[in-house]
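Right after this note come the structures.
One chain, chain A, appears in both complexes that follow, with chain B as partner in the first and chain C in the second.
The block that comes next holds the complex of A and B.
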């Protein structure tokens, strides 16, 4: 069966008719991974959109160094059972993997299926769930949803064992519908009650799913108007078949990758593609990231960065190497403690990231990153200052272009230039001061 | 593991002018000297203005075991294990007594600072924590989700009074509580004073000063729109101004007496520090969590009430020593009370109506309304006779002197505070 090409706002940009500039390359990289260095932007600019997207969407081999560090960190997390070690392991992947879009979507799915180690209390179970998210990151949401309903960490998180024949516990069924597949208002209380019965006996033993036949209710249930001796798997398929399911997912994907307030037309268009591809994520993401909608100028700099995007993005943009522990601590302070979301709803994102306190902390992150080595190292930025053009205007233009999604207002640019012109110290000191200022700007919070 | 990248840099105490310069207001050069006079005038106004502290008891406080109708036989009958005996309560009168751990509130009662509003709730009570808390915060029981809270709307309506200062502040919360979410004014959320500072970064003193000034200038909102960028500018400006003011207070304050070493005790001490420094806000929000006592309630509830009473007592002793106990009112609320009949796990389930405490030397101590009838329950829960929005209207109009109708989107009969 061939699938029709997307049209309308999701039609692919015709790059014969439009210039693929550094701005487009930067936009794509900031959305598809955690920030981008000047070299990466240059490379993607040179490669062009088709080659870049193909690389982002297809599995890339990891380097030997990466694989060695990855397995070492993972083994440590398994041996110690420490949540901090597990977080350090993932942070290393998020930052260093040769498959950045896969990692970004893994974080997206972790947030979608928000599960916390605070309750699960097993680095092994959390790692298994994380592996499922990664395997299906650019795989199939259908398989992912099915997998999650039989995931050990998830079953611990949502009290699967409390769901017994004659004592159905609605928690699991409710979250599947409300948070994982459909969103509020797209099911009835009766659907939940009946679905809960279908999941009775879906228990967890030693952090593994097991079907406790004695506790499974084999009676007749009716979910979304379909009647039969339904089991959990059938309920998952019924959820996926609901009209609301691709719409729910489309809204979340648009918010995470395109713009904070998608219109009805955008949601409908992306939902149609999710349906057309039967939730095959590589195909859907490929179309989305190539679309007129994604590359439209109105989407630039519209998403408020989450803590991972902020911290890892800054480090990546400045050719840094994160200190895995302290950067995790910063992300947690800023509200995103990976493997440990505060509630089953995950991180709501957007303006919910921002309070006056978190903005001060974001500015302090900029101060610490540019002024100390607590958070890792950034490449000494004086090379460029020694280069051809050291005029304040050129330096400021270079770094605002690297770090900000849109050009700053004229007065802001002038303020930055006047700082750089008057600052004392050597080239590196002056640039570090400038970077501190740029990253403390409200504009830097957007991507 | 905690990073120390938020440490305070030395030399952040500055004069008023210094601080104004640091926030970039002077440096822009766009403001006439009149502004300074007006700011001083406003600071004076804020000194005279009343201050309201909203204390949230999160989780659903068991009001029935807080202000106890000790003379009612029905109370002892429905609370066979959890009921507090007639002899153990701290008697307020022949009918009512406080939980034995509330010695702090009992002293405040004896000093004439404590008022109790009984039977507070709202029609068709919702028994979900999230939903009911949202209702108390939004004061719009019929709206599923609202963009702002009752105090946020009150501040928006009174926005003209706050030009140049922060009207409210949430302390110790991760998020801005819905009650304080506004459309026009921006309210800072301060998790802890220690973290609520701008660190200066690295460099020589001149460069650091310049950067500090520029961070303020770069944060300043140019546009008055509601885009995410405008929102970021507004929030950043508020954050920096507030951080400056807080930095200036940290050395001046000393508590009159030691506070209890409890979470609430420490938060109220911080509030006293902010209030004595007169940095502007007229409304403060703090929360005490853990009231969801479904099982083995007795010990946990006693500890929470002990924390509550001890902290509030210390707070008012401190305010009194600073001459502020008449200017400050503390009001408690919770999303609901608890089921009258105790459950099978020595706890209580989600209920409905409960009481609110008001504490201040600026009003006459009183017990408002009757204790809800224990024989006339709504699905096992106490019925309210006073809508919480009546209390809000009273606090806004009679205490803060702000109009209540824009906040509550309607007119509510007020209580007489006197």
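The block that comes next holds the complex of A and C.
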């Protein structure tokens, strides 16, 4: 059965009628990956939206160098059992992978199914869960949710072993409904109590799912009005069948990829597409990233960058090579410690990224990136300017265009030009100073 | 005037003989060019020149600027840089620092004795046009006896004659050195008591010799040279306080460096033995007549180790004299903590008296046969801690109790963290009972987590208690201690030995992990691997590195020795 094309606000942009500009290309890249270099923006601008989206949505072969480094880093994390090594491995993927949208969605799902190594204490189990998120990043949310309920790390995280026949633990069932599938207010306490019984005996042994038949309640349960000897898998299917499920997911996707406060109409439209595609994420994301809604001018520069987008995005924009350990430490200071989300709800994101302390840390990050090599090396700014117009206005235009989602206000631009014209030191020092100023601007916090 | 008879003890051509007395300290270097030549021809240099780091470095602007500078210098001197080095540095070089009236900064005096007069003369002639270009800024004079002097405003005075050169900001100081070079006998630095003592105790013929007149320093700073009478850190007190106390009494601090085809030796020394100190500071030193720590146990695959010989019990008893009041409550806390691990035993009354005076820590490659086929992917060495026991039976029981208690506490931690618990079992090896903690479940698979590097073992072997992290090392230590005792204990308080070839082997076994660390810092995998392999090649050129202290009635010395292949 063919699926109807999206219409209304999710209708695809007709690029015959609209110009595919550098700004459009930059907007797509900043949202679909972690930042974009000048060369990447130029390539995407040249390729056009259809080819770019096809590349982002289809699996791309990784380079030999990437595969070698990825394998080394992953083995190190498994061999040492160190959380820092595991974080470095994933940061390497987030930054260097040829499948950036997959990695971005993997981080999205990691936040959705927030599980912390602080409790799980196993790099192998966390890596397996991360692999599941990656495999289904652009795959099926249905398979992902089913997989997550039998994931070793998740079962440790939500105390699966405490869920026994005579003492059903509601924790697991509650989080599935509240945090993973439906959201608050879309289930009753009775649904949770009955669902908890369906998950009894879903235990974990040596970091793997283990069905402990002796501890499974095989009695009759009623969940969302359906009665029978329900098992955990059937409860998951019942959750997916609820109207609230695609709406819950649509809200989160819109906040992460389009704009921070989606309207009811936007949520309803995207939820319909999720249902229409039976939660097939590649199709849904393809439609979303091609839509009028996504490319509308009102969405530009509206999302506050999370620490990963801020740190990795800046390094990518400046053709940097990150020091994975120090970048991870900075992201942690800024509030996003990957593999270690603060609560079961994950990182709230949006405005919650910005506090007086984190704003100061963001300024410190800019200073460290432009003034030292602690966070990795960025390509010599002097080399970047070489061969180009070196007039202050041209240099400022180049870097504000690269780093900011929207052009700066006239007054801000003049200030930057004035700073650059008066700055002392060699060309590289002056440009590093300029980059520091741009990255300290409130506009840089948005994408 | 110092007694000239001491001159007999001094190498006839030592520059210390022509340095004027009154210096705070001096450095003398003999045939630096020869050592540079040795380094140039060494395997080490070959490896450095082949290393990726060097190949990267030669592309940098700084390297290119340096090479350009050398080319300019070679053109000016009309000789290549190595010939110039042979001429200027093939003889002797000495630098002494003298106190300056009304100033904290000392005044330097430099003496250079070139290997050949003709070479120095050639350099002098090539530099003369620059003297002429300087005009009035440099006053040149030809003085009696073939002496040529240059006065650069009031900043530098230089005197040249035959194959030597003297330079100092103070003309009078330089002229005193000129007098000594011309055969005068009075006011020689080498005959001053602190330096005469230094040369007597540390020898006179070295590649590099450094001497500091501590008596003069004490006059300049204060009687204790800012060494506190009581330390505020227990670890610093254990390691350094007694030596620092010795320094407050020693007339000199000396250091020598010697290098030859087989290795190097760096020696630092102070005059004075344990008896010259107050009783509370004598605990650190071994008795010069009866010996100190034993050599490290000869176990296969030894990577390195530390032996420490001291009367720890005496240090603990004297802690109120040695440490400030502020840190004393920490000892009470420590004793309370020890009581948790050793219920019913008192640290000062029961535990310390049972300990002997030597503690040894060793690290060696370990085998994993006890794991049933698998091996940890990250391979760590086995670590062994050996305590000499003053009361073998009582001490052995105490340590066994400690071992058992730690096993229990560790299992509580394992239960909380979901790790494999340990089960304590006993095994007899060559009539020695070894207690070992094995994992409850034998690990499955070939590549195991890092935790499988650890299977703690304990055993009493005669008057020693052995604690190790691996069963293979425990058995090897039993073997080593059951062999007849080696020759008389070496008189060392501290003995550290490192075998870089073995360390390189360990690193090689963990090459992927080390490469991963480099990749984490932003480098690419291939060049990181090449860089690490280059470092391992360098490590394999070194046989041993030893750092040890020796105690005699009248001197205390630290020696750092390296031997290469």
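The rule is simple: the second predicted complex is superposed on the first by the 444 of 447 C-alpha atoms of A that agree within 3 Å, B and C clash if a C-alpha of one lies under 4 Å from a C-alpha of the other, contacts with A are read in each partner's own complex, and residues count from 1 in each chain.
Methods note: contacts are C-beta pairs under 8 Å (C-beta built on N, C-alpha and C of every residue); 3 or more make two chains touch, one makes a residue touch a chain.
Nothing here was measured: the structure is a model prediction, and the numbers come from that model.
Engineer: Quick one: classify A:325 as touching chain B (first), chain C (second), both or neither.
Structural biologist: Both chain B and chain C are touched by A:325.
Engineer: Given the touch rule stated above, what does A:227 touch, chain B (first), chain C (second), both, or neither?
Structural biologist: A:227 contacts neither chain B nor chain C.
Engineer: For A:208, decide between first (touching chain B), second (touching chain C), both and neither.
Structural biologist: The answer is neither, since A:208 touches no partner chain.
Engineer: Counting only touches as set out at the top, which of chain B and chain C does A:63 meet: first, second, both, neither?
Structural biologist: A:63 sits against neither chain B nor chain C.
Engineer: A:188 in the overlay: touching chain B, chain C, both, or neither? Say first, second, both or neither.
Structural biologist: Neither partner.
Engineer: Report for A:377: first if it touches chain B alone, second if chain C alone, otherwise both or neither.
Structural biologist: second
Engineer: Going by the touch definition up top, name the partner, chain B or chain C, that contacts more of chain A.
Structural biologist: On the superposition, B touches more of the residues of chain A.
Engineer: Quick one: is A:75 in contact with chain B, with chain C, with both, or with neither? Answer first, second, both or neither.
Structural biologist: second
Engineer: Mind sorting out which residues of chain A both chain B and chain C touch, each in its own complex?
Structural biologist: Comparing the two interfaces on chain A, one with chain B and one with chain C, the shared residues are 325.
Engineer: Spell out the part of chain B that touches chain A in their complex, as residue ranges.
Structural biologist: Touching chain A from chain B are residues 1-6, 174-176, 186-191, 195-204, 206-207, 210-211, 214-215, 217-219, 222, 228-229, 231-233, 235-236, 238-240, 242-243.
Engineer: Within the complex, which stretch of chain A touches chain B?
Structural biologist: Touching chain B from chain A are residues 84, 260, 301-302, 304, 325-326, 329-330, 333, 335, 342, 350-352, 354-357, 359-361, 363-368, 370-372, 374-375, 409, 411-412, 415-416, 419, 422-425, 429, 432-433, 436-437, 440-443, 445-446.
Engineer: Going by the contact rule at the top, pick out the chain A residues touching chain C in the complex.
Structural biologist: Residue positions touching the partner: 65, 68-69, 72-73, 75-76, 78-81, 85, 88, 92, 121-122, 156, 321-325, 376-377.
Engineer: Contact residues on chain C for chain A in the complex?
Structural biologist: The contact residues of chain C facing chain A are 376-378, 417-418, 447, 449-451, 512-513, 515-517, 519-526.
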